[in-house]
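In the two complexes that follow, chain A is the common piece, with chain B as its partner first and chain C second.
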Partner chain A sequence: MSNAVSALQGVSSAGFATVTEAGLRGMITLRGDHNAASLRQAVTDIVGVDMPEVRRCTRAGERAAAWMSPDELLIMVPYADAPDVVARLSAALEGMHGLAVNMSDARAVFMVEGTAEGSAREVLAKLAPVDMSRAAFTQGMFRRTRLAQAAVAFGAVGDDAFELICFRSEAQYVFDLLSMSAKSGSQVGVF
Partner chain B sequence: MSTRLSTGGRLLDKTKQVTFQFNGRRLRGLQGDTLASALLANDQMLMGRSFKYHRPRGVVASGAEEPNGLVNLGRGGTFEPNARVTTTELFDGLTAESQNHWPSLDFDVGVLNNYASRFMPAGFYYKTFMAPAPAWKHLFEPLIRRAAGLGKAPKDRDADRYEHFYAFVDVLVIGGGIAGLQGARAAGQAGAKVMLVEQTAHWGGRAPVDGVEIDGQPADAWVKNTLQQLENMDNVTIRSRTMGAGVYDHGYALAYERLTDHAPAQDIPRHRLWRIRAGQIITATGAIERPLAFAGNDIPGVMLASAVRDYAVNFAVSPGDRTVVVTNNDDAYRTAITLKQAGLEIPVILDARPNGGGALADQARALGVRVENGKAIASVKGGKRVTAVDICAQAGEGSVLETIDCDAVAMSGGWSPVVHLWSHCGGKLLWDEGEAHFRPNPDAAPKGAQGQDFVITAGIASGAMDSAAVLADATQAGKTAAVRMGHIAPDMAAPKADAEEPAPLLPVWKMPQGAGYKLRSKMWLDFQNDVKVSDVQLAAQEGYESVEHTKRYTTIGMATDQGKLSNINGLAILADSLNEAIPAVGTTTFRPPYTPISMGSIGGDASGDLFQPVNQTPLHQWGSDNGAYWEPVGHWRRAYCYQRDGETVEQAVHREVLATRNSLGLLDASTLGKIIVKGPDAGKFLDMMYTNMMSNLKQGKCRYGLMCTENGFLTDDGVVARIDEDTWLCHTTTGGAARIHAHMEEWLQTEWWDWKVYTVNATEQYGQIAVVGPNARAVLEKLGGMDVSKEALGFMEWKEGQIGGFDARVFRISFSGELSFEIAVPASQTRAFWDALHAAGAEFDATAYGTEALHILRAEKGFIMIGDETDGTIIPQDLGLHWALSKKKDDYLGKRAQQRIHMTDPDRWQLVGLETTDGSTLPDGAYAVAEGVNANGQRNTQGRVTSTYHSPTLGKGIAMGLVWNGPERMGEVINFPMLDGTSKTAKIVSPVFYDPEGKKQNV
Partner chain C sequence: MLILECPYCGIHAEETELHAGGQAHIKRETVGADDAAFEAYLFTRANPRGVHLERWRHVNGCGKWFHAARSTTTLEVFGTYPAQTLTPPDDIRAAITAKHPDWSFEGWQGAT
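And now, the complex of A and B:
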């Protein structure tokens, strides 16, 4: 895997919040009936996390499962583990209507973190039509939405730290948007 | 003279001088001034020229309603036209120029229109510039454009940046006067999440100017105290310099924050557009004073009484030493009292009411001011400045009783609640006879998704006319909003203020009431657009009964102030002319934004590099480093060609085509859509999506397929590969990936929801590289790995394995007619794989080729391209693709539509090749003409060019086109007229120009 590089190779910017490309991440699109016992068990046994509730993400170490739609989950694992996890999930879903596919390379991942100067929540609230207040967007939440004109998903991984996923081809646009919105001096001061 | 007073100026910091420029003159103002107050302090009463007659105009108001004081602000990248002087805060280095004057503000040639004004009544343009039709475009319009118009259009790119912000609140309070503050306090104390916005830099609205006392303290102190309380509440956000711009469905509202207009700074967004979702919206938007219509009411020095008071109290500016006050209500007496107390002269107060005013009138008289009841202004004297007024009886026709010298006139026609935001989303209005204004009808509020009321008015915006009523109304509004959001109303009494019992207002729509035509034609209703009482009356006389029609005919209310001062007066005149009651005539529609907002704020961050997302493939950087000449394909950037030193685009394209035909070409095909379709019903599903059979495709095989819309038209094409028993991989066109994925999901979710099929758009998971040319196999064998021999991997087969150590899925498909392998590798390794191919292919002159070479290669082979040969009106049968239309299947999307009469019409144009007789290249889109002319007298046509290139392989122009009865007319020569009057002739040939037997790809 020495040849594998993430879209922006770890680029970062610092404003009132920091924006960092998080590098390669194993990501698996898992489609199937969320109520099916075999799927639920596959998530807990193979991924090692609880089945997520609507608009939430469950995590255990570097592994996570995020709710994407009524019949879709996003499974996150270390990049190198993805092919093996896909194979195991596919085997576990044998006999039921389901689909597990490795999408690790289709995406880019960014971390947006607040600093003493300002909140990461404001960076996102400038770009996404989502209530980013602490009361509304709590840790463990995960949303599919848009960032200006790009489709993204993001979740709160700390009080003021967010993990954001976008299409690999739009990584540069998303990075530029986040960096621009995080520029010092443009804090809004509401969160 | 207008001048700075020694006392007053509650908003000024008199210790800080500010210098600015107006029409090239350096002037001084004070910190806290608006541009309007600073100009007045410098005796610059003349600020602009009117739109139509170029009459001299001075400032008439002190806030957002100002129609006259408009300037071009700034220079170059920060230039902005039509900036209102009353809402422009002064800063050091501000530069402003007055508008609509030539050659200068003081001497303007366009003012000749003024003397011709009796020849330019309402509808003048419509009546005069009617015929002949071409004269409008070539003569009249250019003439009018030069003569009329306000600010100049900016010429430079906007140097500033802008942003949006999404906010979610229980209660949005718009307006930071005492009503808004109190409403926010009540809602905030109930525990609701509140946002309070105020368009100016200051809180408290008019109350401090009007000397209101609240809970026994001056308004200023109460405002400060209340603001402090709000700032201490965690659940309340307050923003000044933020205007509530519009109220929309479902509690959506826009607020326009001006961050740096008052203190230009780099790198901070200039404006921020707040996109707010509010459960309840309280509009505490105040009221606007109405002008009075008397002859000469537009002469500089005639101002709203409240504005005169604002300038004196807030900015220590007097519009003149001698100010005549003219009114139909008690409020204007405050202006007289204020000026008198500041030591200025009030020669007379003209009160149009026969019985005059109440307590305030008594107070004015006690100060020694002469008050004349039942009197009016017959006309104002003066040109660029008021010099005197002629006085008459309001009840009469305007016989002059007396002339009084003065240098300013303060007028008041009563107050109209600002109902704009209430009305944006459907709130209805009531006509209040007593106050002669429209006010919100609380029983007909804007409704939310559940049918619930979601806008509440507060204060004078509700029609509460004194401070006691304002505060009671606002307290209730705040409580109601909070309760509607599920909170419990706080036990909070309204703050105390004195109730007033003014003498009743007398509606005065023109002055004097019996004024003849001569006076009426000098009574301005709309100052900016030069609409007079006589114009509205003429419109009525000519049959314009609807207020909306009259608005457009006369242009009343169509200026940048959107009739904030003129609308009520205008429709009262219209109602009078039509002999209708005012509410029967009604208002024009209130539309957002409340005052103009910058285009930049609407665009937000979407400018420059962030204008639109650009999708980049994993090889984008390589392209940038290697001379890629980019073209947009959907949101992708694809290399049209890769230019080497000194090469033209055309030379690069030709080199790439020949290198591919002769040895080895490499194409970044990563943008091709890749949709995985899996499930027990996937085969059945794909048989419906594609015109040909996909369910019987064998594992390990590929098949080219066509997709049509339900109307039968070709919408996409691509190669489908069978992955395993219940999994297929569908390739789409570059622009089609998201669209086709959505198309599939729509059918699955709405029509065949019970079919067991899952789709995933895996386009970006893989980079895909086409390895093309006679040496394609050789370079792959050199890299080593899986067997790619003809026997192991036949044409239209695919295999998974490793090449050069990379995990790869290899498809033996060809869009060029050459031996070709399309190789998908994980996106994060695509660049490394591409580099490996170049390294291994160096001995074969491996050449990266772009989309234009791709197009030429496919056109030489007669392969169609979605978007070239198709345009949304083309069916597969037009393109000779009958072979791809399954006859075995009962149905597929489009099958039924393709059986309609028009689709089976033998006269539909058909795909053929076109070869010019002289070897030149036909222009794209050229039409072939036929005999005769059509019903419109145009030449009949019999075909058109859909793709056309110079083929470097064949050394001549080749084209494809759709031609009437084309396939039957092989060898026939048809004629294509060119734009320059010449024409080209082309022979109808087979669309396959190169290697018709397919020998080259099948090796």
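And now, the complex of A and C:
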């Protein structure tokens, strides 16, 4: 079997916040009625996390479920587990209008973490039309938006740490945006 | 800047996160329609100054289409509502007529 590599192979940059490509991540698009008992059961039993509320992401270790739209969830698991989880989710969705697809190789994941010098919130606030204040964007929140010209989704994994997902083909563009935004000396100091 | 609340994800999305989709509540004329009705469906749009009901898509977000009621002269937003409806809901109509007592959905559809 071919040796899978992530888009930018773990590249990182240090500024007032650090930007790191997180490497391979198993990502599964799960579409279906969020209120259907079989879908909710599949998320809790097979993925092992709680069903996320609107615009939130639930996590348990390396596994997570993020709310993407009224009929879509993003399931995150270790890369090697994705095919097996897809097979089990597909079996659980048997008979209902739903879909589980392995999207792992179509995406790139970045971590943006603040340092003593500045906040990761500021890196994102410069690029996305989102209120990044601590009061508005709390831990556990997850949001799809745009980062300059690229469609992305990001969530707060800590007080000043964010996980950002984009299309693999836009990974270099997004990395350049984030590292430019995090350049030392360019912090505004709002957060 | 135009800010609309997406009725699906509850985000107060600003304009760059959205995509405009033109007039809302257009009835599709299809097989069996005469030429005049089909032409009106394709080309004739309500275009008065003031209150408009529009389709918007939360394109850099949940990706869903929704409807918005707003005034093109004052830029006031009267509300947004899901796209799975043929006519504007009562609370949207009430919000509009509170400011524009003469406005009616039927009158707006025929306005040019």
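We take it that the second predicted complex is superposed on the first by the 189 of 191 C-alpha atoms of A that agree within 3 Å, B and C clash if a C-alpha of one lies under 4 Å from a C-alpha of the other, contacts with A are read in each partner's own complex, and residues count from 1 in each chain.
Note that contacts are C-beta pairs under 8 Å (C-beta built on N, C-alpha and C of every residue); 3 or more make two chains touch, one makes a residue touch a chain.
What you see is a predicted model; the values in this text were computed from it and never measured.
Peer 1: Considering only touches as defined above, state whether A:R55 meets chain B (first), chain C (second), both or neither.
Peer 2: second
Peer 1: With both complexes overlaid on chain A, does A:M68 touch chain B (first), chain C (second), both or neither?
Peer 2: A:M68 sits against chain C, while chain B stays out of touch.
Peer 1: Return first, second, both or neither, reflecting whether A:P129 touches chain B, chain C, both chains, or no partner chain.
Peer 2: The answer is both, since A:P129 touches chain B and chain C.
Peer 1: Quick one: is A:R143 in contact with chain B, with chain C, with both, or with neither? Answer first, second, both or neither.
Peer 2: In the superposed model, A:R143 contacts chain C only, not chain B.
Peer 1: Could you tell me if A:R88 is touching chain B, chain C, both of them or neither one (first, second, both, neither)?
Peer 2: neither
Peer 1: According to the stated criteria, A:R40 is in contact with first (chain B), second (chain C), both, or neither; which is it?
Peer 2: So A:R40 meets neither chain B nor chain C here.
Peer 1: Counting contacts the way the document defines them, which residues of chain A are shared by the two interfaces, the one with chain B and the one with chain C?
Peer 2: 129
Peer 1: Flag every residue of chain B that touches chain A in the complex, lowest number first.
Peer 2: 161, 163-168, 193, 237, 265, 267-269, 272, 275, 277, 604-606, 609-610, 612-618, 636, 676, 678-680, 756, 758, 760, 762-766, 806, 826-829, 831-833
Peer 1: Contact residues on chain A for chain B in the complex?
Peer 2: Residues of chain A touching chain B: 3-7, 24, 29, 31-32, 71, 97-99, 101-107, 122, 125-133, 136, 148-150, 167-174, 176-177, 180-181, 183, 185-186, 188, 190.
Peer 1: Looking at the complex, which residues from chain C come into contact with chain A?
Peer 2: 8-11, 13-14, 16-17, 60-64
Peer 1: Where on chain A does chain C make contact in their complex?
Peer 2: So the residues of chain A in touch with chain C come to 54-55, 67-70, 129, 143-146, 151.
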